[in-house]
Amino acid sequence: MQDKILLSMRGIGKNFPGVRALHNVDFTLRAGEIHALMGENGAGKSTLIKVLTGVYGKDAGTISIEGKEVFIRSPQDAQKAGISTVYQEITLCPNLTVAENMFIGRDKNVLVGWGKRYRRAGEILRNLNIPARPRQQLGACSLAVQQMVAIARAVDMDCKVLILDEPTSSLDDKEVEMLFTLMRDLRSQGVGIIFVTHFLEQVYAVSDRITVLRNGELVGEYEVENLPQVELVAKMMGKELQGLSDLKQDDNEAAFTGTPVYEVAHLTSTTGIAPFDFSIRKGEVNGFTGLLGSGRSESVRAIFGADRVSGGTVQVEGKKARISNPKQAMKRGIGYLPEDRKADGIIADLSVRENIILALQVMKGFFHPLSQKEQDAFVDEYIRALDIKTASADTPIKSLSGGNQQKVILARWLLTHPKYLILDEPTRGIDVGTKTEIQRLVRRLAKDGMSVTFISSEIEEMLRTCSRLIVMRDRRIVGELRGTKLSQDNVMRTIAGGEQ
Amino acid sequence: MIQRNPLKRREPLTDTILLTTISIFIFFAMYFAAMQIWGAGFLRWQRVFDMLNDNAALIIVACGLTIVMIGGGIDISVGGVISLVVMCCIVHLNSGGTILTAALLAIGIGLAFGVTQGFLISYLEIQPFIITLAGMFFARGMTTIVSVKPQKVAHEAFNALRAERIEFDALGYFTKKGKLIPARAEIGVVVALVILLLIFIMLRKTKLGRGFYAIGGNSNSALMLGVNVKRTRFISYTISGLLSGIAGFVFMMHTGAGNATNAAGAEMNAIASAIIGGTLLSGGVGNVIGTFFGVMILATINAIVTTSGLSAGAPWWQEITVGAMLCFFILLQSVVLSLRGKGGFKRMIPKWMQGSKQ
Amino acid sequence: MKRFASKIKWSKYTQLLKTKWSKYTQLLKTKWSKYTQLLKTKWSKYAQLLKAKGRKHAQLLVPLLSILLIAVFNLLRDPSFFSVEISKNNLDNPVLTGNLISILNGASELAVISMGMTLVTAACGGQDISVGALGTIAASVFVKILRDGQITAGTIVLAFLACCAAAMVFGAFNGTLVSVFKIQPMIATLVLFTCGRSVAYWINGGATPTIESPLINAVGSFIPGCPVPTPILIVIAVGLLLGALLRFTTLGLYTQTVGINQRAARLNGINPTLIKLASFLVLGLCCAVAGCISASRLGLINHETMLQEIEMDAILAVAIGGNALGGGKFRITGSVLGAYAIQALTITLYAMKVPSTDVKAYKAIVIIIIVVISSPVVKQAISRLWAKVKENSQKKKEVAA
């Protein structure tokens, strides 16, 4: 491995209105290394990448390439500086051929000699061992090959720094191996590769160094050999392994007896999660934990019928039931607060009032609209109960802060009085005060007899609210922790693949 | 998505070529069927030339529209522009203009529409449908402002040019008396075919041409790949405007007269030909060769409906057939492309499905 | 001496006057400032109230403003434009006539169709361009049934129901292409746009059939004894019906939810496919009503010219009504006002002796002005400019201070 420093970012800071996305982050990339950039949701890795590629302007700090400071204001600047990015979602045109995708937007001439281009593309593809033909339509190639074509384009543009942003999340094992071979090839040619992923095994399979971010700050840079998996998880999750046993244990043992409110066997959906068994009892709060992409969201979506369920049986209060779409789930008394608040949760242009009553309205049916009076009563009650800060009930929800939007959606589901409530990352991207409020609310609801499944990226939060944790890794359940076993050490070990 | 049919993997047929092939095949199938059933007229080359003569202007506008549609837009002002150009040129010729100035006027009007609409659509980011709709209204209204009364060209040189025919002896036929009647094509046909060829080369060979496909395929990706999306879109509307100007002139050469309802519905005929020819309205796929055959398919339907005598008693069948064909092609495209998993992976497969291998 | 004394007196007076003057001015000033203070606080309160109310109805600002503009223009041009008279028609019934009535009457078809178009736009984020053809088909069914038998009140109702059914079938065709096959609305409706009028022609069986009966007159122009044109009454009835539909079902909420965020709608138990289909069915019914009005008004059907280019006008009405053409929140009132604004513009142009064929050109200019002003890019540029002007004036103030 060479030790020439290729890229160095010093003291990078980036603020969005109301959020400090990056603060004083350093990052160093050497020539001929694969450098993994790790962190949980909201840690700031994608912001850092976007600053580097010129999608966002930085508020503080310097970027230098091979010792010379560079100013990157647009993606084009980044390309000129020798930085190329391959994104998770492929940013090529599927309707063009492979070679066209490699060369479009780079020609100076009006007339393009495509014959020569096709030959050149063929050479590059052969050199990099990419199983694609230049004249093939890109859309007819597999995703892995498309990703490789994007990499080939980057390589042909003489990039020094190659950023791979979650390139493997849609590839199968064989394709991942193909990609890794290509990455190693490039490494030996002296290219510096920044590898962003959430698959731990892959990091250890291919990277030389790891930089960990958390909450927009740098945790540290480590050699792969010196950082065991368990420690990496701890660094990402934000707690040292020692001295964590002072967490309060759950006292609600009643939650483990009695018949389950909701039970599934061998449930699976078309998202590719392994079939799983799961049950929850009255008044129980449990949680799915695991790293991002471990299948925790997909599991609860399958329970709610949000994704297409492809197998398994469901029992609600001991009776067999069929839940294949959200409406059926709602009728069985299940509520679901989705992970992606913006895309799946809020109806941006509608008022707080309409957002709150939406689910109840759907349950009441098409021909029974709630009267203005009823609406006012419900909405006022929940605005007060959850302390939603809004100018009025008629304010559009998009003008509320993230935390208050989340409370509105919570109110939407509470209003339907569900027997079983699924909360997928209800505390993501909201301030600390609201976070604890939501945690407290969850406990209170459970005491009143509601069953709750709670998902969060923050383990500490999960331990504080859940009495049982289901641990997932690589889209399957790998363990279940409860009672005295419920400690941060154990959770991390299980996630990282150690003993329970 | 990953486990694709291995057969398709070997087949390097692009969507464009596949859809074009389908429409070419359908054209020949229809035409040969017509030859079998009605014989006579369909057996003569002159029938093909007649179809070309009647539709030269349509071919030209449809080419422009194909470019716009490949770029993911739409231009419904073309019919209006044709009628405005026809009216202005006739008035100009009749009040002492020359053929050259009339041609320049036609091109100028077309360009003016193209540039204005292109600017509003690509730089002010207004929906193309609304803008070109306004353009159509404006052009149609201006046509009647220029002249409400139907006009006829009374310019001798122009009428001489109009009557000019290019004759192909080899493609002619003999009358019963043994006299050779050569196949005749109007000058407009030559113009249309030259434009068709130029645009075909432009779309295939130039940076700009591939740019149209790129912005239509995925404008975000195109931006990332370094294509100047706004300028490319602007140029597509400009070309469409320019071509409708030229089409107006060709239309005038064909009819020699103009009235307020000139080229009524030309925009929808052009859109329909492009769709039938395999151009996707969502953009990124299409080809002027396909569009040419789209026009010819429409012409063949017309010819069949006329020859079969359907139009005498029931003139509605023609448009209903066209509508049914259109419906068939729209559905066919939707099915073919969803089978091929095209149309942007994001759109075709929800995010959660992309990680579906274990 | 005398002179001197008078001089002293004079100076005294002036002194007195001066002090008094200054006192008064002082008083006035304080009073003035008090009043202005009061006014300012009151004004800000009112302004706040107005803002709060205005935000709710801000959408209606554009169509109302366009109508106002046209009204003021006509007032300046020729006040007699607004005169409404009661005269006797050829059946010796008292009827209302005047430009205002012809605006309200003439816009009936457009108003009805734009109501349905608003729903489709809101749910699907696209527009139906086949409404003219659809209306013509419906009208053909209406006339066909009436011509096959005696025209009585009963057969008229029967014919109307049949034409509603036909329009709903074709609406369902459009709706299926859009919601099930996920084809853009404009492309899906291109099919009927191309061949719909021929279908109507086919139903008519060739000629331009006419229907004549006092009953048809009652539907298309005036009910004997009622001076208000019947189409206006029909529009009111349709408006009330649609209002009731939105009031007594959750259609409005569902439509907006689907239009704004389809994924979230599904997760809340709404079926987006069904809602989109429903919007096309409602639009089909609206087209049926518009077709019947048009056929009864003229007493005949010409499949080529009936409801010609009404699709364009309806889309325009939706846009002028302040509804986003990309879907989402909607106000049917806005679209109806937009429809009347368009008709008012047309009638004004007619009153100015602009030939009916030229009206399109002026309409186009109005459309372009409206869409350019309401385009996000222009809005941003204007707000940036505004911010700059503010900044500059602030700087000037600072410099002055």
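Observations, loosely collected:
So that you can tell them apart, the chains are marked A, B and C in the order they are listed, and the count of residues begins at 1 in each.
Basically, a residue touches a chain if its C-beta (ideal position, glycine included) is under 8 Å from a C-beta of that chain, and two chains touch if they have at least 3 such contacts.
Just so we're clear, the structure is a prediction, and the values are computed from it rather than from any experiment.
Chain pair with the larger contact count among A-C and A-B is A-B, by C-beta pairs in contact. Across the assembly, the mean Cα position most removed from that of subunit C is the one of A. The centroid of the Cα atoms in subunit B and the matching centroid in subunit C are 35 Å apart. Note on chain placement: the centre of subunit A and the centre of subunit C lie 45 Å apart, centres being C-alpha means. Averaged Cα coordinates give subunit A a centre that lies 46 Å from the centre of subunit B. Contact of a single residue of subunit C with at least two other chains is seen at no position. Not a single residue in subunit B touches at least two other chains. Shown for subunit A are the residues that touch two or more other chains, of which there are none. Subunit B makes touch with subunit C in their complex at residues 74, 120, 123-127, 129-131, 133-138, 140-142, 144-145, 148, 260, 268, 271-272, 275, 281-282, 313-324, 326-327, 330-331, 334. Within the complex formed with subunit B, the residues of subunit C that make contact are 127, 177, 181-184, 186-188, 190-199, 201-202, 206, 312, 315, 319, 325, 355, 357-365, 367-368, 371-372, 375-378. Those residues of subunit A that touch subunit B in the shared complex are 75-76, 79, 89-97, 100-101, 104-107, 109-112, 114, 133, 135-137, 139-140, 142-144, 169-173, 175, 270-272, 274, 293, 298, 301, 307, 474-475. Chain contact summary for the complex, subunit B toward subunit A: residues 1-2, 4, 8-9, 12-16, 204-208, 210-211, 213-214, 216-218, 220-222, 224-227, 284-285, 340-346, 352-358. Put simply, subunit C touches subunit A in their complex at residues 52, 56, 247-251, 253-254, 256-257, 260-261, 263-271, 328-329.
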